[in-house]
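Shared between the two complexes below is chain A, which pairs with chain B and chain C, respectively.
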Partner chain A sequence: MNQLLSLTLLILLLLCRAEPLRADVVLVVNKSSDIVFLSKKHVIDIYMGRESTFPNGEDVVPLDQNVESPLRHEFYKQLVNKQVSEINAYWARLLFSGRATPPRSVDNNKSMLIMLQENKSFIGYIDQNNASDEVKIIHYVN
Partner chain B sequence: MVTKRALIFLLLYAFSTIVISANTFEDNIRVHGFGTLGLIKAGNDSLGYRYNVAQEALFDEYSLKQNSNIGIQFDFKVSKKIDLNLQLLTRDRINNSFNKSVQTAYINYKFNPSFELRLGRSATDVYMMSEYRQVSFAQIWAHAPTEFYGHLAVDFSDGIFGLWKKSLFDGFLRTRLWFSQGKYSYITTEEIEIDMQPMMGVSLSWENNDWQLRLTYNQSYMDTNDGIFDSLEDALDMAVDLGWSQASQASKDLSVNNSWVRYYATGVAYNHNNWLVQSELGLITTETQLVGDIFTGYLSIGKRINSFTPFAMIGWSKTITGRPNSPPAPAPFSGLQQLSQDAFDLNYSDQKSLSLGVRWDIKHNIAIKAQWSRTWVDKYGGYLLAQPQPLSKNTQLDAYFLNVDFIF
Partner chain C sequence: MSIKPHNKIAYRVVAVLLFSALLVALTTAVFFYNYTYKQEMTTIQSSLDRLVNAVSKTAAIAAYLDDKVLAQEVVNGIAADDFVKSVSLHSQNTLIASNQTHDAFLLSSEIMKYPLTSPFFADEEVGQLIIHGNIELIRSQARDIAFEHVTLISIYSFIFIIILLFYYFIILLFYYF
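== the complex of A and B ==
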């Protein structure tokens, strides 16, 4: 009986841990950018190719995580509730009809942070735990 | 030829997996591509199935050519305001010249975030998917509805295109104007090219995260050096002098030269909570008796379930001005009269279809699709299909599609 109870508890514990923890995804810009906040709608419009400027009229260049990155999957799931394949199909429509080009992909969080430090026009997303003093958080995706 | 094409697909896919994380080899130059390896089984002995009226048809046979293609696109950012674009597409065509393979080639100038001007070759924007009709990965189906897109045998036009963009409610309104020229390809026993000059039109589309709404108007002036029924028209003209006085009317009705064709279209698409609903309605009006006015449309519903998206679609196309009749003729001209009547019947449209299928996104950039389509064609109504002879009775035919679509 004790063995059965232990086994049951173990199974329940495993089931509770089966779903991976969701990352806290944040939108970040260069720390010296004038932008302090973006609404969810504005973030969606930027990453879906409908908006090419910040609210103050300055150009914005969105950056994506690597296509194989779980963070990219998490970002679009939380932002627009779509899988990466759906986002790619959406961008194929825009790209090959000449309407817009998709965000530029970077290899990882480190590359993302380096690029954001180089240019105030860039906007990217990272795991909040990886945010550094060189960038400014302007939106919490979830 | 089929084996060579399949090998090219495999090589390009292998290449794409290598470059997929590095498809920007310089900051200002980006290279992307798309492709489909599509197997189709379609047609029967009396009706040939085809993608549109500019393609050769399948009569109860398999093909890897008709639904397959590969495209590559180069985008070059010259400056903050100027972009250059070149898109090449290879697919099954009667004429596969380099000129036909250049789908788009233009210079785009952004005056400001709201207005840009494009000069050069651009895809036609008459219907919702006209600009990316060849990009199967961007669509839910393995094969777009023939009843709607089969009428559009103009892939691109050369000219000037203006685009205005404005925020409206919680979405964006895009207004596009164009003034250009193109060629409409039409297959009978050979390829006929009809000049569409000028082509001019306007499209209004509004889009937010869930909805796309659209209205379009396009008009084109048709002219051709190779008439669709040149020999028949000559024979009818001669028949006037020989005793069939109304033959001149038949000859005139068979011609499409020096006339306008107008496209009116509206569309809606909804994508929310894994439901994908899309529908378009179109009206094509002509100044010719040969083709008449055609009402066309489709409705598609799909539901995404994890990586799978099953879908159902209906489509229809009907000449609403009725079946044209060749004028009555004296007995010696009955054969010629029947030939002219056959010519009218070959250009009469009356068909409906039902399609069922599923899309499987096996990777973020690869989708496999399977689709079955049944088409019911009313007597004489097979304009969109290839007919050795006008249909003498109602008929139906099935088409089966199996695609591997990819982008890189």
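== the complex of A and C ==
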């Protein structure tokens, strides 16, 4: 009986498709920021160095998750459908021109939230589950 | 001294052979000249397309960011090709890099335009790369190669006619004299 149960469980496990967990990435800013919404295009332009201000003209400083963070991979995949390696190649091309610089990397979610609370110019992305009252969601990446 | 009837026929055959051979050689030469010329023009155009294709991603990034330094690198890279007279890179409607004055492009009719799409939005055009081909050099090279081919074909035809005549006279000598 136990063998039959184990076999059934094994078959069920094999039938299940192993899909990676898909985080709901959100763009957040300081809660006192005047910004309430950002278009996808504006988010891309900020993160790719084309835009250096919010739509209201205030300066914006994008923050990136740690290089190893799975959320970083998820963010770029959902935002521009590119791998982090492709994004790195993009920045490598711009290394010597000085026109744009890559977003500042932070160690983890906690650091990201602390920095966002400290400065109205910062913009960052986190998993929606980690969003607190101290930050304001202005864009759902997916 | 009168020409014998069999000699008359022989001369006529030689004349017909010569005329036919010359006609074929001439027609082939004209055909090959045009064919080679067109082929060469296409080859040069393709090599320019490949050159642009190789730098199009960097050019698109330069146009996307209005990055003058990067744009100038792209322009200089393309301009190094002998078949390129001048290059300019535009973002939207602004000239961001060029290896010549803007007026030169406006006056020219021999320009090739390559649209640049955003590195992140496939449907957004962020600028264009304008190349002024060195048409004189392209045509001259195509002409030279075509002429080379025709010269070779003419030499082969001439040798073939000589050999043909030689064998013909050998046969004549053998049968009539």
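Operating definition for what follows: the second predicted complex is superposed on the first by the 125 of 142 C-alpha atoms of A that agree within 3 Å, B and C clash if a C-alpha of one lies under 4 Å from a C-alpha of the other, contacts with A are read in each partner's own complex, and residues count from 1 in each chain.
Convention: a contact is a pair of C-beta atoms (placed from the backbone, for glycine too) under 8 Å apart; a residue touches a chain by one contact, two chains touch by 3 or more.
These numbers come from a predicted model, not from an experiment.
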Mind checking chain B and chain C on superposed chain A, clash or fit?
-> clash
Name the contact category of A:G124: first (chain B only), second (chain C only), both, or neither.
-> neither
On the superposed three-chain arrangement, identify whether chain B or chain C touches more chain A residues.
-> B
Return first, second, both or neither, reflecting whether A:K41 touches chain B, chain C, both chains, or no partner chain.
-> both
Is A:V80 touching the first partner chain B, the second partner chain C, both, or neither of them?
-> both
Does chain B (first) or chain C (second) touch A:A100, or do both, or does neither?
-> second
Quick one: classify A:T53 as touching chain B (first), chain C (second), both or neither.
-> first
Please work out whether A:P62 is in contact with chain B alone, chain C alone, both, or neither, and reply first, second, both or neither.
-> neither
Given the superposition on chain A, at which of 80-88, 152-160 or 296-304 does chain B overlap chain C?
-> 296-304
Where on chain A do the contacts with chain B and the contacts with chain C coincide?
-> 41, 44, 48, 50, 80, 90, 93, 96-99
Which positions of chain A touch chain B when the two form their complex?
-> 41, 44-45, 48, 50, 52-53, 59, 66-68, 80-81, 83-86, 88-90, 92-93, 95-99, 101, 104-105, 107
Write out the stretch or stretches of chain C touching chain A in their complex.
-> 58, 61, 64-70, 73, 119-121
Mind listing the chain A positions that touch chain C in their complex?
-> 41, 44, 48-50, 80, 82, 90, 93-94, 96-100
Chain A-facing residues of chain B, complex = 20-21, 24, 30, 32, 34, 71, 73, 75, 80, 85, 87, 104, 106, 108, 113, 118, 122-123, 131-132, 134-135, 137-139, 170-172, 207, 209, 273, 304, 307, 361, 363-365, 367, 407
